[in-house]
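Each remark here refers to the structure printed beneath this line.
Note that the chains take the letters A, B and C in the order they are written out, and that residue 1 is the start of every chain.
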């Protein structure tokens, strides 16, 4: 790598002569080493799915979650350093609570993504800190303020953003980060996200994670699924076990059938 | 946790303020004296107030009632205030006293419930846990001479499915009973509620049906309207049962004023004016 | 003096304040008696404020360890806050030392906790009862700011002035004409009374206090702590009027 040995990669507060900040680029490497995470914005909600690589057989199932609820209506999925992800979730919770205290409504998802991106960006400015080794998919349901009835909540819309180590964030219909992001993006592009319901997209999400999983390099993984859907009352919540298992089974079946076709 | 690198990170310890380095540096440095401390005011009296809240246990649940009035002194200022507030799925909070403080308490409890929900562990706080939190808050505030000027009833179904009903007020005083009432209700309605329960024997509430409880509560609300000058004949009744928390639409108790027709002057006086 | 003059002289320059009173008195009575190998701690279950009964089912006794029970009376919020902190301190003590402190040690701890709030006191009268280090029944009583002593019998709370003289008379045989056939008790030594006698004394004391004091009644909780047998709670009704 051209950066090594030049001395321009030792601090986030030093540019290289051609205008790059190598520490931020290295942070992206930390993201790319991580298990894949995807987010799908459907017509009635959002699905988040994570390929959580299981580092040891001794770990309890469900340990080291990478999807976190940060407010009743919002959640984040992270790829990168696990501990950074948890720290970011706590920060996001603080931001959501602060917005609630100030305005007595839930934070619009874009605002949450922006505040998290500002936080990321602050860690690219100082020699005393290291940028986050993290990309985060931010999912939320923007309902009219103080929506208390089912009808009012249903009138909201799903929002999806991705924040990167540099502090940029973009809005997406569907996005993927981590190891299998390239393949995952190609797969997501094939979906008709505007027409899909969350329940349908659940199977696609499971299928994509299973497809991008590289069995040769990484052995065991757990599929982590969360959603914001009519079924969850437009709250961000882990997908109930039975529903998740069913979606995963369907996904596996589809993959098997595709493999048979190829043969 | 101070998340901003610029405000405290990387700054040297201040030995004048923290001579024994007792603060972990990531928490920032201890607060210096607040120059505005003299100007800080604390609640000395309630301003916009709600009157009594009634609560009674019955077979399989808890019922509460409160009227929709918030008074400004003797002025009937707001006539559509809801003083029965669901907290989470299984708890009900009934508030009398200062309505601004009540709103602040609602916010505190909302944050409590939310942060508990964000754990994604499927666990939700039950009424006795919410009550413990609230009474700790109330006692801490009174100990800072800055009380929340309220008397609250907390009701619900506890983890074992048993009805739960407890009281806490601005002093941090706490107690439980099968029937409870705040403010004037404690003088006027509580005896009626107690009588109704005592008629049903020991642990009488276990023999009290929901519709029966509703009748008792409604008649108690009527008595309050007759005799409490800060009460309104527009009130709500809420229940917590297996069905969850249900807060009714505002209702009225039938009243009878015919006797007033022939009254002149005060009491038994024969004088007419 | 003109009315205006009166007004001016009354004006102090300080803002008018109606200050918040952080205390209340919730009535009720507690008592404890100890003998050679046991102690009894008892309290009524009425909690009141002014002429209103808040509840008929309030607990004023807290079991702290297998052999120590604490009773608190005064301002309920302070009482429960104190009891909660004492229990928490005992839990911490247990986690650091894997054992439970003796009654004498708990008593000293309670005194430091009470005195720690010397300038914003817990408005609470505390009585500890149990088995002490010497293996005998013991009672420690405290004032709200932590002054304490070991005694063999003490009443506190609303009906203290009714119950204590009764106990002095019955336990210490005060103001009794001495029975010439019985040798007088050596000075400073406490009378050895059997459990049944003490139990009926406690019940009589509370039924009497219930008759004569409006803040006492509803129910009676009696904790008996017997050496080697631990603590046991009995509950009896008192008049609810």
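What we mean here is this: a residue touches a chain if its C-beta (ideal position, glycine included) is under 8 Å from a C-beta of that chain, and two chains touch if they have at least 3 such contacts.
Just so it is clear, the structure is predicted and the values come from calculations on it, not from any experiment.
For chain A, the chain with the farthest CA centroid is C.
When every chain is reduced to the mean of its C-alpha atoms, the one closest to the centre of the whole protein set is B.
One inter-chain figure worth recording: chain A and chain C are separated by 59 Å, centre to centre, where each centre is the mean of the chain's CA atoms. Mean C-alpha position of chain A lies 40 Å from that of chain B. The mean-CA centres of chain B and chain C are about 30 angstrom from one another, to the nearest whole unit. In the complex of the two chains, the chain A residues touching chain B come out as 65, 68-72, 90-91, 93-94, 97, 100-101, 104, 119, 122-123, 126, 128-129, 237-238.
Those residues of chain B whose C-beta lies close enough to touch chain C in the complex are 42-45, 139, 142-143, 145, 147, 167, 171-177, 186-187, 190. Of all residues in chain B, those touching chain A in their complex are 1, 3-6, 9-10, 107, 110-111, 114-115, 117-118, 120. The touching residues of chain C, counted against chain B in their complex, run 17-20, 22-24, 26, 47, 49, 52, 54-58, 75-77, 80-81, 120.
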